[in-house]
Amino acid sequence: MTREEELITRWIDGELNGQDDTDFKKLYDSNPDIFDSFKEDAGIYKQVFRDHYESEKEVPYGDFFNSQIKKKILEENGSPSTPSSFLSDMIQWIKSPFTWSAAALSFCLIVFFNMPSESGFSGGTIVSTYSPDASVSIVSAEFNEEANATVIVLEGLEPVPNETDFSGNHIVSYDRQGPPGFVQFYNKNDKLVYILETDEYGQPNVF
Amino acid sequence: MVSDMSNKLIILVFCTFTIFGLTASAEEENTEEYLDSAFWGALIYAKNGKSESTVARDLEIKLKKAFTSFEAFELLGQHTQKNVFKEYVNWVVPSEEINLGFESKGRVKNNGVKLLLKLWRKKKVILKSDLSIYPDKPVMIMGPKWREGKLIFVLELRSKN
Amino acid sequence: MNFPLSDSSKAVERLNQNEESHDTKAFNKERDAELVERCQNGDYSAFDELITLYRGKVYAMIYNMIRNDADSWDLAQDVFIKAWKALPKFEGRSAFFTWLYRITHNVTYDWTRKRKISSAGEFDDRIVNEADPAAMAIPKVFDSPDTTLEREEVKNKITDAIDTLSPDHKEVILLKEIDDLSYQEIADAVGCSTGTVMSRLFYARKKLKEILGDIKND
């Protein structure tokens, strides 16, 4: 960058001092219009920057944000050291050729079955599905190629009472502007229909 | 001869590891172009009879192919969630009877998002599922019976725009 | 939109604001030093306080660069996790926030490189033609900026133009215009010299000035 460019930058930012001030004055006097236009345009952009960008932005779910950081730090620091006897057993096991041959065969099979298709999407979407409720059975849980969707079908569920009126409370929007852990759901008339609170056990409490 | 065999096995395993390392997809990292996404969730009433569907045509086609025993699908409620943060539970069209909660576990290849889904029947979890959702490939869960049909939750990954 | 040229009354106002901000900065530095010391002694609650104090700024800085809430949220967490790990080595030679900004810069750049969003270093010339960086731009004659810029579409064009600046230039000009950091603070945050900071500021402003000239000629 040239000396003139440095002086212009310092002048725009109000960072001229001492010798810079004197040097700039000489430069400015040579063609004030040019420098004034620089400063004007810089002022325009400053205004646009301030309208469009924020110096500080509220973090959504701030308490949760903090708790996640703490959780991750504890997870990274909290792994227990393994006792030396277990470690030496592990080393012995790893050294065994039988272990290596079994591992080689397994990995060959994994690579073969996981070769990506030409489209890049292998169709597998479900990693695991289960029901903690013994009365409920999962009839199917798979990617349905025809529907191009992941479809899960359950059976054995307790029916929802006929008089339950879902259509009367046609949810169309929600917001989380209230206290943390609370979500407000609204119908098409902008009427608050439900407030859902997630309790400390993760259970939904609907009001 | 035994040590010769061991050496050959070790070389084979080394090559296998190398091949595996080169071909295995890093499922936790999205190497694809970044996708600005939102989640659209809906509760749908699947039934038979002469009534017409009130869901979008594209979705109706998918629903009919997924749940062949139903002819009509009525939209009971829907909303879009634009910002879904990792590990934070989001809810789809709640009610006192049945709720679908989902948490993002981060992005996966092909612009997908890994989710943990929990379906609640009142205060009990009746389904837990670890799955990945991709654009244009919704997740559809057929739930309990209601009136003459069944309730279905649909979750779609969409572009924010 | 009015952009009056600065006059002496504005200069006095600005001087007063600067004095106030110097007092605030001094207070913050003392407060941060105390919290950092407690953190280095193993007091996590002090770190939690620091997170609460600075998460808004970190989140904003990342969001200004990548313009996505969900990823900014994740990356902001990564910044604080890295800060916690690096805190034992923090010696207080720079302000805590400048040090935190440095981590934010690194995390954002690493993410950007992986996502291939970065245009890697130089100006993005999709909007205007390459200009000789050594030449001084001659301003074109135009109508009063106030009149022209009242049009929302022009403002949108400008914001689009800002987003086409390379990350290096955009970051520096945001830190200057939005966060009002000094050249030295910016240099510490992004890991370059004050000369480079001034150079990037000059060229970013020059580029934006050319775009403004083009918009006014439309």
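Letters are used for the chains, namely A, B and C, taken in the order the chains are written, and counting of residues starts over at 1 for each.
Simple rule for what comes next: contacts are C-beta pairs under 8 Å (C-beta built on N, C-alpha and C of every residue); 3 or more make two chains touch, one makes a residue touch a chain.
In this text the structure is predicted, and so the values were computed from the model without any measurement.
Chemist: Any idea whether A-B or B-C has more C-beta pairs in contact?
Modeler: A-B
Chemist: By C-alpha centroids, what is the most central chain here?
Modeler: A
Chemist: Per the centroid of Cα atoms for each chain, what is the distance between subunit A and subunit C, given in Å?
Modeler: Each chain reduced to its C-alpha mean, subunit A and subunit C end up 23 Å apart.
Chemist: If you average the CA atoms of subunit A and of subunit B, how far apart do the two points sit, in angstrom?
Modeler: Taking the mean C-alpha position of each chain, the two centres sit 17 Å apart.
Chemist: Express in whole angstrom the distance between the two chain centres, defined as the mean CA positions of subunit B and subunit C.
Modeler: Computed from C-alpha means, the inter-chain centre distance equals 38 Å.
Chemist: Counting only residues that touch at least 2 other chains, which ones in subunit C make the list?
Modeler: 69, 73
Chemist: Send over the residues of subunit A in touch with two or more other chains.
Modeler: 60, 68
Chemist: Where in subunit B do residues touch two or more other chains at once?
Modeler: Within subunit B, the residues that touch at least two other chains are 83, 85-86.
Chemist: For subunit A, which residues count as touching subunit B in their complex?
Modeler: 60-61, 64, 68, 97, 100-101, 103-104, 107-108, 110-111, 114-116, 120-121, 125-133, 136, 138, 141, 143-144, 146-154, 157-162, 164, 166-167, 169-174, 183, 185, 194, 196, 198, 202-204, 206
Chemist: Which of the residues in subunit C come into contact with subunit A in the complex?
Modeler: 1, 3, 5-6, 14, 44, 48, 51-52, 55-57, 59-60, 63-64, 69, 73, 76-77, 80-81, 84, 134, 136, 138-139, 145, 149, 155, 158-159, 162, 173-174, 176-180, 182-183, 195, 198-199, 201-202, 205, 208-209, 212
Chemist: Flag every residue of subunit C that touches subunit B in the complex, lowest number first.
Modeler: Subunit C residues touching subunit B: 68-71, 73-74, 114-117.
Chemist: Would you mind writing out the residues of subunit B in touch with subunit A in their complex?
Modeler: 5-6, 9-10, 12-13, 16-17, 19-20, 23-25, 43, 45, 62-63, 65-67, 74-79, 81, 83, 85-89, 91, 93-99, 101, 109-110, 112, 118-121, 123-134, 136-147, 151
Chemist: For a test of understanding, state which residues of subunit B touch subunit C in their complex under the given definition.
Modeler: 29, 31, 33-34, 36, 82-86, 104, 106
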